[in-house]
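Some structures are shown below for you to check.
Two complexes, one shared chain (chain A), two partners (chain B, chain C).
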Partner chain A sequence: MNAIVVENLTKRFGRRTAVEALSFQVPEGSVCGFLGRNGAGKTTAIRMLMNLARPSAGRATLLGLDSRAHHTALMQRVGYVSESPVHYDGMKVRDLVRFTASFYRAWNAPRVGELLDRFAIDRDQKVRHLSRGSNAQLALALALGGDPELLILDEPATGLDVLVRRDFLEGIIQLIQREGRTVLFSSHLLHEVERVADQVVLIDHGRLIHSGSLEELKLSMGRSLEESFVEMVGERARL
Partner chain B sequence: MNQLLWKELRDLRGWLAGGLGLAAAFALLLATDVFGGSFVGLWMQALMPMSAAAAAIGIGVAQVARERHARTLDFLLVRPVTPQAIVWTKFVAGSAVLAALVAAAVALAYAKPQFVLDTGLRAIREQVSLKQLLLILFPRFWCLYALSLAFSVLVDRSLKAAALAGVLAVALIALAGAFADLAPFSGFVFWTPFFDGTGGLIEAARSARLSSVTGGVYAALALLIAATAAGLLQRSPERYLGTRGLAVSAAAIVIVAVVSAEGASVRLPELAPAGVWQLPGALTAAIHADDVPPAFVDESDEGGIAAHGSLVAVVSNSAVRFVDFSDPAHPRLRSTVELPLWQSLAEWSVFKAATIDDAVLVVGQKKALPVDEVQIAIVHSSGSIDAVPLGPVRPSDYYSVPVPVGPLVYLGVTHGRVCSLRIFDPAAHRELAPLALDRMRPPAKAINEGAAPVRIIHRGNYLYLASPSFLTTVDVADPAAPRIAGRLPVQPKADFLYGFPRPLGWQGQRLFETRYFPQSVTAYDLSDPAHPHPAAEFTDHGGLAFDGDGRACYRPWRSGVLEFQSARDGFQALRYLHSGSAIATIALSGDWLYALTAPTPQKPRTVQAFRIAPSRGH
Partner chain C sequence: MRLNLSPASPIPMYLQIAEQVRRAIAAGTLRAGDELPSVRALASEHLINPNTVARAYLELEREGLLAKRRGSGTYVSSAAPTLGEAHRLAVVAELIDQALAAAEEFGLTRSQVRALIDQRLPALQEKSS
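Moving on to the complex of A and B:
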C-alpha cells in the first residue's frame, strides 16, 4: 500500500514548466527523501501535494485520497512543515498552539508540550521573537500535534544548526517512523538523507530521475547516494 | 467563540479601534461646538460616504491578499478547514466590523439634533431615522466590501486589491453620475450609496419597499460575491492576477463602465433649433494672460425671456429687447427699450415675466427714494413703459409670475405671512379687491422660512396656486370676479419645509406640483378642473422645475431642453432639443419653444427657437 501516489503531476507558470509529468510512489511506513538541486521543483511538487498550488495537469493521492478533492479530510491526517515556516507572529506560542489545535478533531497536546519542552520554546513568548530555528521547531511541533499518518517536510533542516539538525532528522523522523507513519522530506543535503531515508525520489529540472529504494539505488550504482546523484544529474546535464 | 473567527476579529481590531476612536473624537468636537453646524452636512454628504467606502475597501482588500503575501495563508490552508470556510469566516468578521464603523459614521449626523444649519441635512434627519438610514446604507457598503474581499482573493498584495477596488469605486461613482444624467426619470438614483442631491437615497430609505428591494439586492449581491470569492480560493489557493492581469482588469472595469453608461443612456430623438438670435455682448480680449481665451461680458447676466406669438421679449436688468421670430431662420431685433434703475426679480429657474400682445409684463424692483419699489413694468415693443406699483421692497414679501387673463393681470403675493391673489387692470391703472388664499401659521423657532412663495399657473378658466398650506383653485371664467373654487390642504414632507416653493406645471388632464426632500411630483387629476384631486405621487429626478404647454412638459437638461410627458407612474422623455449650450430659461408660444442660453464666459448668449409641434408624444 502506498501512502503517496503521484501521477503525471505537472506545473507550469506561464511558459515555464516547474514540474513536468512527475510520477512516483512512496510506500506506507517509509521515510522517503525527496531530492534535487536547488530549483529542481521539489517545493512546487510538495505544494501541489499539499494543495497549496493547483496542478496544471496530473494528480496526487495521499493515504488513498485525492489530494484536491479530499483536501480537508486529508489535512486531519497529514502534517506539513514548509521550508521557512510562517506563523501569526503577533500571537504568543501558547495562543498559536490553542489556535492550531482548534482545527483538529484529535489534538495530541502532551506530544506538542513534550516537543516544545524538548526544543526549549517559551510558551509565553511572542512568535515574532522566536529565532529561525525555534520557528522551524515550533512548526514541527504543530505539524505533529494532529498525530499525522503522513508527514511532509520541505527542507526541514534549513536554518537549523548542526546539533539541532541531527536531532531533528535522526531523532524525530525515526521516532515518527517507529509509530508506523510515513515521512516525505525534501532536501538537497544528501548525506543527511542517506542517514535516515529508506526510499528516495530524485528530480531535476522538474522531471523524475529516479524513485525507489535507497539501498537498491546504491547497490545498482555501486556508489554512495551523493555520487549516484551527481552521476545521474551530471549525465542529464551533459545530455 | 470559533478560534478562526476570533483571529479574524483580532486582525481587524485596528480598523475598529481607529474608526470608533475617530467617530468619538468627532462627536466630542461636535458636542463642544468646535465646528460650525455645516460640518455635519459636510460629514453626511461627503466625508461619511468616503469614510465608509474607505473602510469597506480597506478591510476587504487586506484580508486574503495580505495573508497570501505574508504566507500566513499557507498556515491556514494546510489545516483541516476548507478554503471556503476561511473566506466566509473573514467575511463574517469583516462584515461585523464594517457594520460597527458605518453605524458610528452615520450616527455622528444624529449625535446632536439641534445643531444643524444645513437645510438638506435637516430634511434628511426629519424624514429618515438613524435605523432607516443604516438599513439602506449598510448593504451598499457591504457590497463594496464583498467586492474588495473578492479582489483580495485574486491578487497577492493588499495594494493591488485596493487599486482594483479603487478603480471600481471611481468607475461606479462616475457611472452613477452618468446614469443620473443620461437617463432622465430613471429610478437609478434609488441605488446610489450617497446623497446625490436628487433625494433618491432618502426616498429609498423612507420607503419600506424601496429599502427592502435595493437593500435586498445589494445584500444578495454581497453574499453572492463572497460566495464567489470563497469558491475562487477553494478552486486554487494561488493568486489569479499578476501585474499584467491587474492592469487588464482595471482597464476592463473602465471599459465596462463606459459601455454601461452608453447603454443606459436614453436615446432620444434630437431637435435642432430652427433659428438663433445672438444677444449683443462685448467680446473682451484677455489682457494679462495670452493663454486665457477671450471672454464675453454680457450685460444680461440675469433676466430671461417671455414669448407671445413670434415675438420674444428678452429681458435684462437694464433693457427689454423685442425679437421678431416670424421668420425663425432670420430673427431680427424689432426694438430695444431701456429700463433705467431696474432690477428684475427671479428665483431659481422661474422668470417672472409674461406677455400680452406686443408688451411684456415684468416683475422687478425700481430704484426709488426713500425705498426701492416693486413694480410690474409693462413694456411695449413701441418703446412705451407703464408701471403697476406693488409697494415698497420688503425682504419677507414674495411676488409670483404675473398671469394675464383677458384684460386683467393676476399676481400671487405673500405679505405679512398672508398669501393672496392680487388683481390688476393695467389699462385702467387700478387694482381690484384681492383674494386671501392662505394665512400662514406662526414661524417655527430657529427656522428661517424666508418669503414663502406663491406659485401660480393658468389653465382654461382656472388659476392654480400653490401656497404653503394649500393648493387653491381660482375660477377666472369672469376675470373681473374671480372666486375660490377649491382648496386642498398640503402637508409638507418635513416641518421646516413649510413654505418651501412648490413649482407647478400641467399637461393634458394633469397638474403637477414639484415637492422637495426628497424631490417628487404630485400629479393631480383635472377631469374636474375646479377640484383637482391627487392622482399619484412619483419620483422626479430630472431637475427642479418644468414648464408645460398642455401638450408636453419641458425643462432645461444637459446642453438643451428635455421634452417629456407624463406617463402612468411618472414621466417619459420624448425629445432632446439640442442647443449646444446650457439653457437658463425657456418660453413657450404656440408651436414654438424659445430658449435663452445660460451666461458663460466662452460663448455669447443666444435665444434659440425650436419648432416643437408635432412631437412624438402628441
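Moving on to the complex of A and C:
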C-alpha cells in the first residue's frame, strides 16, 4: 500500500516548467526524504500535493484519495508544515491552538500540550513575537495535533539551530513508531534527511532523478547519498 | 547499547547496526540470553528510523545471532557464542588479508611479513575466560 502516489505531475508558470511529469510512490509506514537543490521544484510539488497549487497536468493520490477531489477529507488526515509557516500572528499561542483544533474531529490536545511544554513556548505570547525557531516548533506541534496518518514537511527546519532540527527528527521518529504512519520530508540538506529516511525521492530541474529505498541506493552505488546525488545530477547536467 | 552510527556513510545504517551487534557478541560484551533494546527504544535513542533498526535485527535473526521471544523482546541466541567465535576469526582474518595486500603492494617478502607478526605477538594479551 502506498501513502503517496504521484503520476505525471506537472506545473508550468508561463513558459517555465517548475515540475515536469513527476511520478513516484511512497510506501505506507516509511519516512521519505524528498531531495533536490534549491529551486528544483520541491516546494511546488508539495504545494500541489496539499492542493495549494493547481497542477498543469497529472495527479497526486494521498492515502488512496485524489488530492484535489478529496481535499477536505484529507485535511483531517494529513499534517503539513511549510517552509515558512504563516500563522495568524496577532493571535496568542493558546488561541491559535484552539483555533487549529476546531478544524479537527480528533485532536490530540495532551500531545500538543506536551510538545509546547517541551519547546518552552509561552501560551500567552503573541505568535508574532515568537522567534523563528519557536514558530517552527509551534507549526510542528500543530501539525502533529491532528494525529496525521501522513505528515508532509517542506524544508521545515532549514536555517534553524541544531536543537530545533533535532526536535523535528524526534517528532518524525515518534510519529513513525505508530503503525502505518508515513512522513514525506523535503530538504536540500541531504545529511539531515539521511538519519531518518528509509526512502528517497531525488529531483532536479523539476524532474525525477531517482526514487526508492535509501539503503538499496547506497548498496548499488557504493557511495554516500551526497556522492550519489552529485553523480546523478552531474550526469544529467551533461546530457 | 551505545552504537556509533554514521548516517552519511556509504554503508547503509542497518548494516552498521548489524555489524556493531556482531562485534559486541564476538567480543563477549553481549552474551547468550542478553536482551537487546527494543526497536522503538534504539530508534528513539539514536534518532533513527525504526524500520532501519528492525531490518538490522531481522538480518541478525537470519544469521542465528539473535532470537525473538514471543511477547517479549529480542535476545542474543544460545547459538551465538559459537557463531561469535567464527565471526571473531573472520574479522581478524580480514584485517590480516588487508595487511597482506599492503605487503604485496609494497613488495615485502614472506619472511619480512612473518617477522613483523612475530615481533608483535608477545604483546598480545590472551584473555583467560
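Simple rule for what comes next: the second predicted complex is superposed on the first by the 226 of 239 C-alpha atoms of A that agree within 3 Å, B and C clash if a C-alpha of one lies under 4 Å from a C-alpha of the other, contacts with A are read in each partner's own complex, and residues count from 1 in each chain.
Following the convention adopted for this analysis, a contact is a pair of C-beta atoms (placed from the backbone, for glycine too) under 8 Å apart; a residue touches a chain by one contact, two chains touch by 3 or more.
Just so you know, these numbers come straight off a predicted model, no measurement behind them.
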Which of chain B and chain C A:72 touches, first, second, both or neither: first
First (chain B), second (chain C), both or neither touched by A:167: neither
Which superposed partner A:194 touches (first chain B, second chain C, both, neither): second
Contacts of A:226 with chain B and chain C, given as first, second, both or neither: second
Touched partner set for A:31, first chain B, second chain C, both or neither: second
Shared chain A contacts, counted only where both chain B and chain C touch the same residue: none
Chain A-facing residues of chain B, complex: 2-4, 7, 10, 70-72, 74-75, 77-82, 235-238
Partner chain A, residues of chain C touching it in the complex: 7-15, 40, 43-44, 47-52, 55
Chain A residues touching chain C - in the complex, by the definition given at the top: 29-31, 166, 169-170, 173-174, 176-177, 190-191, 194-198, 214-215, 218-219, 221-227
Chain B-facing residues of chain A, complex: 50-54, 71-73, 75-76, 78, 80, 82, 85-88, 90, 98-100, 102-105, 146
